[in-house]
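Below you'll find a set of structures to go through.
The same subunit A turns up in both complexes below, where it pairs with subunit B and then with subunit C.
Moving on, here comes the complex of A and B:
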């Protein structure tokens, strides 16, 4: 199917807007250029409404014109001309969908459709329009062929199970797999019917019991499979949540545990108090230097040395030390003198000498309490007046340095304390605790679900084995019955047929998914310009679990929603949509609204080129910014370009007065490079201000 | 032996508030050595003596109205101090017999203290933002640092 042209009247902003679509296979792109709020998304919605009816409208969406007020009659008409090629013959159709309703009415009206085949002889109305439309453009395919850059991201963003479900659904719908699934169900039903007939024919009790058991298994197994699927989904989600909670816990741990920080803060505060005490002690030691002996010795130096010289003189004269009396007294205890003479009191000379010594002792006693004092002074004061190294300056330097060092330590600790206090303020009371509890909760739930999945899987296997046994038994029992033989044959045929269809379904699922996967990879790598030798992104694939996965160097798996930039994410989802539509073999237009957001340069141009290559017909709704930078590829590939303008953008955005204040988009024939008085715009608010000032 | 144990150390009444300001051990005040660099009155008095001697000041007399800043017995706690004061008296008088006249010795010491106290207080007042401890320490360091040879001196 290819779109030829479309016209919309009374559909929100669109009134009298008519678009011609390119049918040139070498220039297969149609560009609808429009700024934000000018009707691009409205036109995408209008196209879908026209082709698929009310089910294509978002919930609560009304196509009524913006200018109508409550009670007025709203008339909306969409007309699409399209062609369908089949068996070498191309037929052209004209579809008209119309809707009339009162503005503000709580009851929503249903649109009516008319379909005409355009024959050389004139238009021929076709009855049963919806049935025809379903063949030309199945509604199941709508969301794949009609999309926008943001919505396409849902294939790789959000919960993993939701991503997988969306990818799986898109693939299955486009490949027609639901039909095969229906066929499987149908053959199963036939099998059950034949089995029941065989049972009725034989009236064999055992056969009946076997049939009942088989039927019970036919009910139980899908139930268990459904529960297993649900549990597997829950496990996948819980794994995601567990991973997220674990990352949050790690982040919280990086920020720090409040108790640990508080403990560290107490330790620092204690250290700081000790440091402060050491500073006080150091100050005390330095102050002590102003009162100590070394200080006095060096400050009083001249006077002390003068006194010292006097005392030294006395010592040299023998007055110091004053030790005569003890020596003399000591001598009197002996019989001879130091000089060797006899002190024997029994000899006249000895007695005379002893008297003389006694006399000397008495004279010395009288002489000197003063000498004693001076003698003591000499010995006690020698440290003060003797020549010696000056130590006070080095003592002071040392003490001052110690104080400074300790002061530095004190200030460092103060800074550490302030940092910890700030850190403590930032850490919520229960950050780490909450994150840990959350993670543990998910772990507990996983611990419940994983064994449950194992049990369900086990049960399903057992039931399947039972079914195989029962089927064999049923076959044996049926075969015994003469009347049952015919049914046995039918049953065998039905079972074989089911096997064939089931295998076909399985093969299709696997093979088609692989084909889509390979195509998507090819398109994606082309779009982002990845070179196999050195690119950071090496390949993309659709996994057997229907997940879009991306691999970097060394086969490292990347999470598309986190590890890819915005342009690559969009390129990946567009590559997926293009691959899907191409592999499906369905020929239909790819209609994409704002596909080039966040892209620039190479990627933007290549996305357009690849999309053009991969599409039978490519219809792009683009803003001016999206067009900027890919004009050359549009020159080469765009067969039709039209520009839509919102007149209400005057005077802030539009340069020229459009002559109307109606909420109706204006259309002009300007292409992606040209402007006219209708669509000419200011590049920025500053330019508008400048013009207004002028 | 402390010959001054029976004497009192008297200083002019005018200095009482300064002693209160720069001595640590006063009732109800925590010791802050940086601001109160002297542990006791006797330390501040002794510092003033040292300062006066080092600066070569003439001992002052006639203190006018005085008060008892310390008792001589306090000198017992640092036995080298009575010795230093005795040596100072001998060095000042060249008379060894002065050791028998504690009153004279104390008068000489106090004369230096009275000469040194105005110097000390002047230092403490001119310290601006510096702490008393640091400013005094720096000044002492300058006093004790050996003089550098001046230009033209024999090398």
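Moving on, here comes the complex of A and C:
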């Protein structure tokens, strides 16, 4: 099937928009160029609505024109011309889908369709349109052929079982596997019917018992197969959850145990308090060194010595009595004088000297105030004036160093405390415990499910073997009966035919899936420019469990959702879609909305090239940024290019006044390189500001 | 976008080669019946029919052929 042209009226922003699709096999790309919010995704939706009906619309989606108000009638019409080639004959069809609704009405109307075959003699209306459309465009295939860069990612993102289910479903639908499965079931039903007839035609009890046993197995085997499938899905899911829980546990262990961190924090806080006290002590010692005599001597040494010399001179001149009241009074407390003579009051000499000292005390009391002060200074400052040992500097250096060392320790402890507090904040309550419990729970469930799957598998095998034996027995018994021979031949034929379809189904599931896998790998490596001998990503494959897996160097399995960059993830999913459509042999356009997001340079160009090579018809909805860098490949491969513009982007984004304020996209014939007065736009907000200012 | 059944049919025809030739022409009968089954299944997908009855007829046709050939061989 190839799209020829499409027209949309009254579909949101689209009114009177008409697209011609390239039918040239050498330039098979059709580009619809549009900036964000200009109708690309709307057009993709409109195209799907037209071809597949309401089921193609997202839930709650309304195609009504944007400018209509509540109560007004909305008329939406989509028209698609397409052609279908079959057995060497190409037929052209024109499909019109229309919908009339009242804006704001909660009742959703159903669209009506008309289909015409375009014959040389004119258009011939085809009755029973939906049945024809279902043959031309099976809705099962819609999601593979009509996709966007984000939606395609669902093949490699999300829960592993969901990914596998999506990949499996896409492969099965495109390969026609559900039809083969149905065929197997129908042939089985025919077998049962034949057996029932054979049973009814005979009175042989063993034949009846054998048939009953076979009937029971026909019910039991599919039940067991269903349970095995469910259990296998559960195991895959649990493996995922177990892996995730284990990673979380390892992360939690790396972050640390909350109790251990809290204990360490308390120890550090205690040490920091002790360190603070040591700092205060060191400060005290340092302060003490700044207020003692040694400090004064150190600071004023020269001045003090000069003052000492002056005082000595004064003393020599008698200006400073060498006796002072306190000294003299102190002497009177002793039995000898400073000079060594006796001051014993019981001896005449001693008593005389004591009297003399008393006399001097009395005379000294008469000295004037100045002399008293000078005397005080002389006697009290003698220690200061004398040279003394110079230990203050080393004492102070020691104290200063101690204080600095302790300050450093204090700061280190403060940093450690802050780090521990931050760590403690990150570790939720019982994080490690919780992660461990989760992991162990998944492990326990896996330990239950894995043997269960084994048992189910074993039972299925046994039942299948039993069925084969019973079938043979039934045929042998039936063949003995005159009436049973015909039924025996029918059963033989049914069993042979069922065997062929079952083997074909198995081959489709293995060989053809392998073919898709190889093709996907080829496309993917081409797209990302990976050389098999020298690249981080070595290969991609679809596993037997329908999982898209990627391998790096040394056959290391990578998780596409985590280990691949955004561009490679998109390239991988587009490669899968292209490989699937190619291997399936289904001829249909690949319609992709914004496939080149997050891509640049080589990857972007190669994705376009590979997609063009792999598609019968490739329709790309691209933004200007996506086109940037792909101009050369589009020059070579694009057969049709059209540009869609949202007039409401004036004046901030569009350069020229489009002359309308209606919410209706404007279409121009500009290709991926050219611009006109309708679609010319500012490259950035700064440019718009500059123009506005001018 | 129509389903392409050529691949399915090709594989089925390949597999018919593995079916025992129970009587002369038996394999060919099976092959023909299977091709018709696939066609009927695809048609059934787009317009519901009594598919089991149709397949029953085809199986019956092959069974009858086998029965006739077997009887003919035993009598002849």
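One rule holds in what follows: the second predicted complex is superposed on the first by the 533 of 694 C-alpha atoms of A that agree within 3 Å, B and C clash if a C-alpha of one lies under 4 Å from a C-alpha of the other, contacts with A are read in each partner's own complex, and residues count from 1 in each chain.
Here, a residue touches a chain if its C-beta (ideal position, glycine included) is under 8 Å from a C-beta of that chain, and two chains touch if they have at least 3 such contacts.
For clarity, every value in this text was computed on a predicted model and none was experimentally measured.
A.B. asks: May I ask you to decide whether A:385 touches subunit B, subunit C, both, or neither, giving the answer as first, second, both or neither?
C.D. replies: After superposing on A, A:385 lies in contact with subunit B but is clear of subunit C.
A.B. asks: Looking at A:585 after the superposition, I want to know if it touches subunit B, subunit C, both of them or none. Which is it: first, second, both, neither?
C.D. replies: Touch status of A:585: second partner only.
A.B. asks: Thinking of the overlay built on chain A, is A:61 touched by subunit B (first), by subunit C (second), by both, or by neither?
C.D. replies: neither
A.B. asks: Does subunit B (first) or subunit C (second) touch A:296, or do both, or does neither?
C.D. replies: A:296 contacts subunit B only, not subunit C.
A.B. asks: Tell me which partner A:512 touches in the superposition: subunit B (first), subunit C (second), both or neither.
C.D. replies: second
A.B. asks: Does any part of subunit A touch subunit B in one structure and subunit C in the other, and if so which residues?
C.D. replies: Residues common to the subunit A contacts of subunit C and of subunit B do not exist here, since the sets are disjoint.
A.B. asks: For subunit C, which residues are in contact with subunit A within the complex?
C.D. replies: 1-8, 11-12, 14-16, 18-20, 22, 29-30, 33-34, 37-38, 41-42, 44-47, 51-52, 55-56, 59-60, 62-67, 70-71
A.B. asks: Which residues, counting only subunit A, touch subunit C once they are in their complex?
C.D. replies: So the residues of subunit A touching subunit C come out as 1, 84, 86, 131, 134-138, 141, 145, 175-176, 179-180, 182-183, 186-187, 189-191, 193-194, 485-487, 489-494, 496-497, 499-501, 503-504, 507-508, 512, 584-589.
A.B. asks: Under the definition above, what is the set of subunit B residues touching subunit A in their complex?
C.D. replies: The contact residues of subunit B facing subunit A are 1, 31-34, 37-39, 43, 46-47, 49-51, 53-54, 78-81, 83-84, 86-92, 94, 96-97, 99-100, 133, 136-137, 140-141, 143-146.
A.B. asks: For the complex, give me every residue of subunit A touching subunit B.
C.D. replies: 280, 283-284, 286-291, 293, 295-308, 310-311, 314, 370, 373-374, 376-377, 380-381, 383-385, 390, 392-393, 396, 400
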